[in-house]
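Input: one structure, supplied below.
Just so it is clear, A, B, C and D label the chains in written order, and each chain counts residues from 1 on its own.
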């Protein structure tokens, strides 16, 4: 209700500011006797961690997660799982010049309006640092999914557009995704992006992007019509990530241009006697329920407003000022959104999996 | 939790199937002493009502809403408002041929998988008929907003694209929206759409569309970071509407192509001493909080799969069949999504308005 | 969140005032394919119905419940179940004298303070009439429990004390409960109560009582430590019933006088190899979880303040007045609390049953 | 939903086991700009802290709480407040003998049944250690109440019965409460209890008790009829505390013996023109809403089952065994329930205060 929690049955609640002593979360609703250790979470945090190449913010944090509760002798006990990451590289000085002036396009000004106070150090609660706890919770969710769903659920993401440069989906190669700093599924596009983003970075500018996340082997029937449709909850999950401005499922906005004939995914009987879909315009969700096809969604990520170019703004006293940001920053925050979006997909599916179990007939 | 309610403090819970005896809802959290009568809701229901022209389903229902509780002598009492609409035109026969075969692209098949049973009459719970209660609840939300926000909140929607035919936003004229059957803000486009949609309709086909909804005079600071960001809740609200496949706020997917310089909305001091934004790429929301600028969002609506053209599918016994739909249908369901999206905007804002009041400093 | 709903997974939301056109509720979370018809609910409503003898209010309502949704061909469909009871005997005139003066001990005055308005007809939302919907929802919950729990869950209540006159628990006979107007498990006590209550009734006075509710064959492990302990949720459920002022589980307040030796329920191995408890001081709940023993709780019900004797009070303008109530009233509202408490027990157990299924290992 | 959180708008979520590395919680919904520092919480934790005299468990923990987020320069920021207490005195060896055998009357056996696993060290999640976080959250709640309610809300508790020995309420002296190890409001009774409890302690036994908590200067109208009545939420809050078996408000169970004449609190006009109640049988709550009178409630606390006397039980393999507990224990856990019950009162009132603000007219 206060906006720091996500999910209903599988639920996590986060706290922490960018430059406070620590960030953390409580993960509730994890069934008992699921194998879990810190390394299961660290692997995902390491993917998200900034400072690994010149295309993400140079903040260097080990982001070492500790499990404080809820696990006994390597198994979950059904009690809440407390997770903590201490902040080690806080360099508050870097942001001193923005303590009393508002970066256009940031949450600074509107936080000040709403709360009458804000922690200006590194963006405080509005910092992308908060997403580390999403990734940690997502790691728990993956363990839940992999334990409860036969064969496990395969969740993976990629960046499919940087600025105006979209990939050609026909060239998609998942193996390539891990082989470049952009999670780009097309090696040639990745090379072009590298040159393009170097230009952006050297200019002190920034650029947006589009991320695609997919989930395979999702059980049929996850989701709760009418208001908690699986796609509705996924849309909320993705739009809650910093800088996301749009979400689409399956054909998405392109569905507006389709006829009913082209949009409906026809069915034949599959080799196992069940339904075999002949296309996936729906992106794996119909009527708010998972169909068993791959869930496919995309999110649009805006460019960060922490740029070198001076922009017109106000200071805390209402004076007109110019603002430029000299601290560490990401030329394309969409890159780091990939593991975060994967994590939110995992958490949403884990929550709906538990909800489905409750009413299973 | 079971998916039939929307909102937290301003909250409505709906029930009812397309061809059952009635649909209804309970609206909770309405502050006391707000003027409210049935006519306040009926006006919005009349806008949504099908069968008003040849471009929406020919189902004819008066959709007369009754207030069963929560209002005394023309004022709300702070107790829950029960709303009921009796179903009068149910013609179940029309749908007889789809009782045992699944329309591709509909919720039929997946409901059957999840629940092992479904009410096949007119789409049951998955029918767009359910959206009537959203519109009724939205009418209550509008009264809340207009009473509690000085000057009221102005919520309005329009259809901005039909199939491949998008309007030119520079020609936008709100006065035109009410003057054509498509809520189209451009009279010339509306005329072209009419011809285009007649072709679709006569062919027994259907087409998608894009709807834009705006809210003006929204108080600054609505929204709850991090997971209940105002845009996250709006995304969920819109994606929960039948047939919606994408949602974007402000620049939306186009933000992916923008640089930080172009995307950030600069600020100057306004005539009232407050902030004056020089652009609105953010669509009125930053950091998950309303900025006071107009909230602008768009949703992509897929074409209905209830079409005359036979499509490959399965029947309830797993046999391969062809399915075509001969009952009443909408050639472009995006049209009727306009008042529904307005209503969901109103409900989301009313909920967050109450949430903001709880912690106002 | 607005106080008109109970439960999380099995959840019902009610609306309606005593003298409005109807009362109703929406029951969510009912698994699909559970047999349900109106008669399943009516049987419980008939038990609660007032006016059946001279010891309950003479208001005469058929209290005929209608199922408006969520059931198809005699089976639940997994969609929300809308229930409606029309109010037929509203006689608002009876209460005319209390429209502008506050009955001491009633909710009248404090509703006026909180909301600045109230529906004074028959107590409005604060009327015991609201409990009819609890009983209807409880009827649905019983169907859920009986379908999902092998052997069904047996829920039954009795009145164990009227004013100062408590029964002797050693004389308890469940067969007697249905054979007297007080749900009293001791025929001799019932006879004495009849004489006692006639005196109270003729004097225009009222008296309190204590109700006991039990649940048998409850699965082991229902409840969610720490804050949603089963006993905590039961306490809330019971205390939410009109006029209830106390709740105790098992030994209850008497546990304060016990030593650890006497209070702990010892265990031996039972004939089925499981645990056999040698006593039930715990009332079937340990650590917030059901143990499989009978759940036993008691609630204290205060006397109604609607009495003939004039009492000192204020009117709506703040003037000092005397108030006496001449309308229909109950000399001992605890009687009618029995079926209501049973219903709340059923709903609480159904909710926790679904919650347990979600995380079952 | 998973049972580790309390409240809706003012909400805290806890984690941690008795002998894990730490316990902690996240407090959400705290309005911005409320003065808060660690000392504000530590003062209440110090009251609860065990090991301060021979009548509470000899576990010695400094229970030093750290604020990890949500406070900037001594003021709350509106973001979630992360709290952490490291466990320092864990002595797992003390409990080694109960790792594989179930203490009768404890949660051990039923946790094992529900989860198939449990952390046996010191009671794990079921330990009273968890209540430290309730007290910390209660400290935050008190700051909220004192800041938002003019004059502050005065919450205080006392122990009014130990075993069979109840105090005489006419001798009540709040000043005495802080002057004896039992929070007893009667010095003579406290002296008698000391002798009595020494006997219990030396015998390795334990005894129950009754605690009373009061809240003064509570605003009129807190609470949300019908299902979230203030007394219903308080009952849940209190019953969720370890070892509590009964809750009563105002006259409580004695209300069952009262006539309507005696039970109704009459009203006269007070010196300020408002209502002046002539008695407080209601315990400050009518119709689920606070009346402005003192809220008065009592809770019954059972004796701990960790006693020296061997009791019949089972081990983890189903064998019949005798169990006695040799570790540190509390001869009367009701003593330590006093500050915990105060904290739960504070949290419940803070939550309803925010809820009331949301719909204030």
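The rule we apply is simple: a contact is a pair of C-beta atoms (placed from the backbone, for glycine too) under 8 Å apart; a residue touches a chain by one contact, two chains touch by 3 or more.
Since this is a predicted model, take the numbers as computed values, not measurements.
Undergrad: Scan B-D, B-C or C-D for the interface that duplicates A-C, counting it as a duplicate when over half of the contact pairs agree by residue number.
TA: When the residue numbers line up for over half the pairs, the pair is B-D.
Undergrad: Express in whole angstrom the distance between the two chain centres, defined as the mean CA positions of subunit A and subunit D.
TA: One centre to the other, that is 39 Å.
Undergrad: Measuring centre to centre with CA averages, how many angstrom lie between subunit A and subunit B?
TA: 26
Undergrad: In angstrom, rounded to a whole number, how far apart do the mean CA points of subunit B and subunit D lie?
TA: So the centroids are 46 Å from each other.
Undergrad: Among the residues of subunit C, which ones contact at least 2 other chains?
TA: Counting only residues that touch two or more other chains, subunit C contributes 1-5, 8-9, 14, 29, 32-33, 78-79, 114-116, 125, 225, 355, 361.
Undergrad: Chain touch graph shape: choose line, ring, star, complete or other and state it.
TA: Here the contact pattern is complete, since every chain touches every other one.
Undergrad: Of all residues in subunit A, which touch subunit B in the complex?
TA: The touching residues are 1-6, 8, 14, 102-107, 109-111, 113-116, 125-126, 130, 161, 163-164, 200, 205-210, 220-221, 223-229, 231-240, 245-261, 263-269, 273-275, 278, 281-283, 286-291, 300-307, 309, 311-314, 318-320, 334, 355-356, 361.
Undergrad: Subunit A touches which residues of subunit D in the complex?
TA: Per the touch definition, subunit D meets subunit A at residues 1-5, 8-9, 11, 13-17, 20-26, 28-29, 32-33, 66, 68-70, 72, 75, 77-82, 84, 114-119, 124-125.
Undergrad: Which residues, counting only subunit C, touch subunit A once they are in their complex?
TA: 1, 8-9, 29-33, 78-79, 225, 354-355, 357-361
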